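The two complexes that follow have subunit A in common; it is paired with subunit B in the first and with subunit C in the second.
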Partner chain A sequence: MMLHLLNRSPQFDGLYWDLSEAFGADDHLLLIEDACYAALPAAAASLAAFGGRVSVLSEDAESRGLLGRLSDDVALVDMAGFVALTATFPHSLSWF
Partner chain B sequence: MQDDEAALAADTPIAPLDLLVILRHPPHGSSWLREGVDVALVAAAFGQSVGLLFQGDGVFALVEGQRAGPLGQKGTHAQLAMLEMYDIERLWVSASALRARGLTPADLMLPVQLLEADALERLVHAQPHTLLF
Partner chain C sequence: MLSYALLVHAAPYSEQGALSALRFAQAAVAQGHRVSSVFFYRDGVHNASTLMAPPQDEVHLAEGWRALAQEHGTELLVCIAASLRRGLMNAEEGVRHGREAHNLEPPFVLTGLGQLVDAMQANDRVITFAP
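This part shows the complex of A and B:
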């Protein structure tokens, strides 16, 4: 069980690939900062490897004007939810 | 054939280390790789067990035949050559990253263990402390 934090946009596809190699069946991915752009429906392919176990930080999505434009497959999580996720998963790993 | 010999079998247990350092950047172009290797060497110098995982362009760090840059930039190959002296002998390489770049273990300056995605996932999950560069 591991929480992966990702902060780069989908144009860094090498980073998404490396993360997908390390991503386990019980893991979760939280998109923060520029990774919020991966939650757009047009970027669905960049998240295909993560089996729907993906959330996006609402504060970061909002500041980028993305609220209301995001894929339904990605859960919105606020800062309190971010904290709750880090408490739920015994390990976190940041990808940048 | 060399790939088969170096690949980690699916049922081989992976022992946790004190520190896993993931290296994703190539040599020379930035200081990412150098800083990651520095952290690994410092940790090892303080008696920690350290392993390195090369992913993405990080596999270029291991290419045989590197040398200083045209302006005398040191690169990282000399540091990597010292790993054994620091007892850093666990070197893992993403098999897909190596394949995607047209490289084989024969192109690398050090003996490594190749990891397919499933083994790579097990490695990362077995480690309590991981730093990514």
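This part shows the complex of A and C:
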């Protein structure tokens, strides 16, 4: 069980590909910072490999004007939820 | 309650990672977790500058880190090799390198990667904040 933390926009498609190759069946992906753009419906292809096990940090999405425009498949979590995810998953891996 | 170590690669203000790390640390202690240490590495060492002086209406990252140390006992560990390369040094290193000034003071502590390894082994969670 791994929590993957991603802070790069979908423009870094090679990074998303590498992450998808390492993404396990019990893993979860949290989009933070510029990775919030991956939660837009137009970028759905960049998250297709993660089986809906994806969350996005709400304050980073809000600061980019993305709230209300995000895909329904991506769960919104606040900073407390970010902490809670790190408590749930024993390991985390930051991609950059 | 879990114990956390944070690893901060991100420079202050030029990247969001340092602010993300500080906000995470504040949220973690608010939930009753312990943030035992923050290790600043690569450009992240600039978070430790005593001379940081952002506009008053912006988040003061160095003050945020200092408050975390003072209020919650968090160790603020700064990679010495990354710091010296970037012109960041405490009084002791200033003397050693023949400089007339220094720009790193407690609670920030210059240390080595061994301390990072110790933090990784001693804590329940290690969270990396990327540049």
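By our rule, the second predicted complex is superposed on the first by the 96 of 96 C-alpha atoms of A that agree within 3 Å, B and C clash if a C-alpha of one lies under 4 Å from a C-alpha of the other, contacts with A are read in each partner's own complex, and residues count from 1 in each chain.
Note that a contact is a pair of C-beta atoms (placed from the backbone, for glycine too) under 8 Å apart; a residue touches a chain by one contact, two chains touch by 3 or more.
Keep in mind that what you see is a predicted model, and the values were worked out from it rather than measured.
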Worksheet item: Will subunit C clash with subunit B on subunit A after the two structures are superposed, or do they fit?
Response: fit
Worksheet item: Is A:32 in contact with subunit B, with subunit C, with both, or with neither (first, second, both, neither)?
Response: second
Worksheet item: Does subunit B (first) or subunit C (second) touch A:96, or do both, or does neither?
Response: both
Discussion item. Taking the superposition on A as described, I'd like to know which of subunit B and subunit C A:83 touches: first, second, both or neither.
Written reply: second
Worksheet entry | Superposed model, angle subtended at subunit A by subunit C and subunit B (C-alpha, nearest 10 degrees) | 70
Item to complete: Have a look at where A:15 lands relative to subunit B and subunit C in the superposition and call it first, second, both or neither.
Response: first
Discussion item. In the overlaid three-chain picture, which partner chain does A:24 touch, first (subunit B) or second (subunit C), both, or neither?
Written reply: first
Item to complete: Tell me which of subunit B and subunit C touches more residues of subunit A.
Response: C
Worksheet item: In Å, how small is the closest CA gap from subunit B to subunit C once the two complexes are overlaid?
Response: 8
Worksheet item: What is the shared patch of subunit A, the residues that subunit B and subunit C both contact?
Response: 93-96
Worksheet entry | Contacting residues of subunit A [partner subunit C, same complex] | 5, 7, 32-34, 59-60, 79-80, 82-84, 86-87, 90, 92-96
Fill in: Interface residues, subunit C side, partner subunit A - complex
2, 4, 9, 16-17, 20, 23-24, 26-28, 30-31, 33, 125-131
Fill in: Touching residues on subunit A, where the partner in the complex is subunit B
2, 14-15, 17-18, 20-24, 91, 93-96
Worksheet item: subunit A touches which residues of subunit B in the complex?
Response: 22, 24, 55-57, 94, 96-97, 117, 120-121, 124-125, 128, 130, 132
